[in-house]
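Each of the two complexes below includes subunit A, the first together with subunit B, the second together with subunit C.
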Partner chain A sequence: MEDWRDLAQVLLNGVMAGSVLMLPAIGFNCIFAVLRYPNFAVAGFATIGAFAGWVANAQWGMPAGLALLVAFLAAGAAGLLSEELALKPLRPAGPLTVAIASVALTILLENIIRFSFGNDLKGYDLPILRDWRFDGIRVSPQQLTNTAYAIGAAGALFALLAFTRLGRAMRAVADNPTLADIKGVDPDRIARVAVFIGAGLAGFGGMLIGLDTSIDPLTGFRVVLSVFAAAVVGGLGSIPGAALGAMVVGVGEEMAGVLLEPAYRTVTAFLAILLVLMFRPSGLLGARN
Partner chain B sequence: MEAYLVAMLVFAGFYALMALGLNVIWGLTGMVNLGLVGFFGLGAYASALLTTKLAWPMPLGWVAGALVAAIAGGVMALIVARLRGDYLAIVTLGFAEVTRLIASNEIWLTNGTDGISGIPGPWRGEVSPQGFNLIFLALVWATVAIAFVLLSRLSHAPFGRVLRAIREDQDVAAVAGKPVLWFKIRAFIIGACVTGMAGALYAHYNAYIAPEGFAPLLTIYIVLALTAGGVGSMRGAVVGALFVMALIEGTRFLAAEIPGVSPVQKAALREGIIALTLILLLRFRPQGLIPERTRTRSTT
Partner chain C sequence: MTKLNTTRRTALLGTAGALATFAIGGRAMAQNDPIRFGVLPPLTGAGGPYGPAMLRAIQQVVEEANAAGGVRGRPIRLFFEDDQTNPDAGVRGARKLIDVDRVQALMGTWASSVTTAVAPLCWENRVPLFTVSGADSITLLPHQGFIFRTQPNSRLQIATAGDWLAGKGARRIYHMAAQSPFAQSSQEVLTERMRAGGGVVSGFTIYEREKTAFRSEVDAIMRSRSDTVFLNGYLPDVTILLRELFRAGFDGRRFTMAYAANANTFQALPNEVTNGLITFQPSPDLNSGAFARLKNRFGATEVDPYSAQTNDHATMAILAAAQAGDASGTAIRDNVRRVTQGGGETVDNVTDGLRAITAGRAVNFDGASGPVSFDERGDIQGTKFRFEAAENGSFKLLELA
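What follows is the complex of A and B.
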């Protein structure tokens, strides 16, 4: 990197990539915060969102912005349904049983998508835009729009958590479920809301990933390691942590892509997980314990 | 038909070895390992590379494959064994993906996604294909038998009892003066070693390995095998492996019977059924077909 522009380009690309990772990572941590188990099915939810958005956009002719809403709702519904049917009955057996079942669940969801849509790559119906150039720095308008969508969705979640009764109740359950229960917050209802929002955000993020390239049944699974890395680096269960972690992982992967080989971006994510776990297991913004 | 049956039983042997390995890590010690396929892959690649590139004799390659996987397991356990189970799940899952990525991208070593072909097999070419299958069948199940006897003894020896104590309550085990971390690391090494051995044998049976052969679905097969057989029970691990093989092949015939679905849909249907079976088993029969029996807990 001879030039400051190269560095700026890498940082910019990293932040844009990170903002797309941010939503599934927030979704993962949102579910973890309330239910205390890692839901590996976020990969499946992301893929479902990507395909629901594709149907809305490429087949029904909705604009991408509206299709993102469809992606959110469809993935949220899929998340809620699979939680109630498949995962919730396993909760008494312990968080690890649920985690294992969620891996099976993600394979099941992936194959439902494969059965319905096949393995072929699918692209969204988007206007083709030329990259913008500022003094040698390239910006793809599509990526910039995606970043804006991601920040908008994350902002909406933060507003929900900070300013509404529901958000307060969610934070209360995440903080201390017993105490929240005593205070009259129904933990089951909060769990359902958390799963719906978490899975929905994963779906929203899945579609953003697809907008950038194309989609297939493995869309969600391909980024899952980066998503976990974002969640762990930020601190499991911390929602601002997931946002920060996603940026760190996004920039880190982009740098590794330039310095090493692009294929090793995911390896960087894995190394980030190991480093954080060795030196600061609670993550950057994780809980005290 | 006979050749098909023998080939399936050989694969069931690989699954049984992996399930035995997973049983030490997850069944006895209670540590999740969602990256089992990574250790399987390491064993396969190590043995394949050493025998094809450096012309090592096969048995030495197999031992090396098991050792490489064991070392990787030890290093990983050293880093993560003190962490909570959910972190362990994430790291092991990530480990398997990284192994596959490296195998796909270090083309100078692994030939990338094209894979390694021409891996030697014992008496391959000198005997009929079916003869080779039978030789391998004996080899794999002899290995399963050895692993089964050793691990069963281990599981009822004081060592195994400590592992179970750690699984039930590691604080109590620590208070009783057991070096919990050191036991966990050894359990991980043993489990990874057996899994690596399975991988090494697989490479020499198949004659060809490629990164796509080491997908996370294989880990699910083994978790399913152990859950079906009975987590913590060595007999259960072997029976579960046979069950999974029957299930995988059963879905093949089932899918073939359904008219009007494309090959991709059939494959999707099969993978979906297997994933669904695991979810259903975890819910309705978590103790498996052969529940674990210990002195403190008789059959329930």
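What follows is the complex of A and C.
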């Protein structure tokens, strides 16, 4: 590292990378909090969101902001549908079974996308802007916009959880499903809402990845390891934890690129999981059991 | 309850008898049994844009050969598995093709990592492997002649690229290589050629290609003050790198392999980003009869170099089996050179080749990818290279060298 600017640049790159991971990680934890199983199909939901947003933006001519809403709704619907049809019947067999089924589900979803859209790379209908430079530090307007979208979506979720009746009900079910049931909260309805929101956020995040790069049927799959790492590091089931975990993993991966050979960068995600599980098994912001 | 009066000896005899009947039956059947070929293309993963066309080229050759009466009356049956551009899936696919489908030859592996993983299964089971992978290490494996590679090896490719770039005035090249079996050897060859041409490799990064952003890597390129960046990766990652280089304001020469930037790139990136990008690739023999036939059969689909090569894989395997009068893997291995580089009648398609061989004439197959002739390690010889530049959404030929 030559001077402070390089460090600042790496940190900035990390925050931007982390903000893109944040939404799928929050989606993952949102589903985990209520249903108590890791849904790896967030990779598939992210890809579906990316493609739904692409159809809305590149085919129907919608602006990116509106297309993100389409991505959220399409991925949420896909998540709800696959939960009801594929995963819910397996819930009595235990969380491990559902988790394994969700891995199979993500492969299925990926291939549905492949059959519908083909293998080719697709790009959104957006101008590619040159980076801004501030005293030698490079900032990409697109990535900055994406970070803003991500923070906006995460903020909306926090507001929902903190200030609405539905949000309180979701937190109640996450905290103690039996007690919530006794109090008249329908856990099935809350589970459906959590899956819709979780999958929708994954789709929103999937499209953000696409806005910054290009999309293909593997878009979600490429990030699933980092997303899982972010969720575990932050604390499974914790929504602020997922946001913090995504930043830790994003910055960690970028720092690793400087300190280690770039080829070892993916190792950072595993290292992060390993370290957290060793010293703080419930994650940075996870509830202690 | 009646006690069954079966001793171990009678049971063994019975089993042996049944097996013998089966074996004799099997032998009697062999004359009209289909010849089994396996295809292991990347239908998904980074090679996904190429695999389906590679498979289609092979299927068309097999259909043509079957229409021409097959190999000495035996039809050819094709089995295929998706290697997913992934060595694990490739090995699983190869195991299934070799153990379950009992294929006599395997063709169409694309990624070097997959070919490297699958190759030992092939030579141990005496199944010839026809591949389009470029890593040098592949034909250096102890393959006992079972590997035939129609793609020039990466050493030859990188040396050609390095010489060409140095000739065009490149003095500081940044080498950005995706993690692959040939990243390191490419770097050695490029360094050697740049030094010979009066330049240097100003920086070298091996990157993990399953990533969505390469900002820090691009920062390193910008810091190196290079006049050229050599993007030695694959389509998805090179597309992201091109975008990020544009954003960062890199104004030097951008150079990549043609498999990492093709018509797809123009769908994913606007022209202002792609204009000026130079690609290079081993060129199919565009003037050959075999290429014209393939192009005709593909119709509107563009023929890429890999489908030209797999067209030749299938044709070579069929003609070698016909030449041998035996479809075992070893017989195919031993006859490939006899049908591709002997002094016989020149043929450019499977129908003519089968007809000539049936009539007892020697053949010399010239394929869509070139004159197909192999050295003693199984490497292709005498391929041409094509340099192209992107201009407003299509590639224009710069030079054929």
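To be clear about the criterion, the second predicted complex is superposed on the first by the 285 of 289 C-alpha atoms of A that agree within 3 Å, B and C clash if a C-alpha of one lies under 4 Å from a C-alpha of the other, contacts with A are read in each partner's own complex, and residues count from 1 in each chain.
Everything that follows uses one rule, which is that a contact is a pair of C-beta atoms (placed from the backbone, for glycine too) under 8 Å apart; a residue touches a chain by one contact, two chains touch by 3 or more.
Worth saying up front: this structure is predicted, and the values here are computed from it rather than measured.
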Clash or fit (per the criteria above) of subunit B with subunit C on subunit A: clash
Which superposed partner A:F228 touches (first subunit B, second subunit C, both, neither): first
First, second, both or neither for A:F196, with subunit B first and subunit C second: neither
Subunit B versus subunit C as contact partner of A:N119, first or second or both or neither: both
Contacts of A:A101 with subunit B and subunit C, given as first, second, both or neither: first
Partner chain(s) touched by A:E261 [first = subunit B, second = subunit C, both, neither]: both
Contacts of A:S140 with subunit B and subunit C, given as first, second, both or neither: second
First, second, both or neither for A:P281, with subunit B first and subunit C second: first
Colliding region between subunit C and subunit B, picked from 39-47, 201-209, 237-245 or 273-281 after the shared-chain fit: 201-209
Intersection of the subunit A residues that touch subunit B with those that touch subunit C: 111, 114, 119, 261, 263, 266
Residue ranges of subunit B touching subunit A (in the complex, touch as defined): 32, 34, 79-80, 83, 85-87, 89-91, 93-95, 97-98, 101-102, 104-105, 216-217, 219-220, 223-224, 262, 264-265, 267-269, 271-272, 274-276, 278-279, 282-283, 286
List of subunit C residues in touch with subunit A within their complex: 44-45, 48-49, 52, 179, 205-208, 210-213, 215-217, 219, 222, 235-236, 239-240, 243, 246-249, 264-265, 267-270, 272-273
List of subunit A residues in touch with subunit B within their complex: 32, 37-38, 40, 86, 89-90, 93, 95-97, 99-101, 103-105, 107-108, 110-112, 114-115, 118-119, 221, 225, 228-229, 232, 236, 261, 263-264, 266-267, 269-270, 273-274, 277-278, 281
Partner subunit C, residues of subunit A touching it in the complex: 6, 9-10, 13, 16-17, 20, 111, 114, 119-123, 127-131, 138, 140, 142, 209, 212-214, 216-219, 222-223, 254, 257-258, 261-263, 265-266
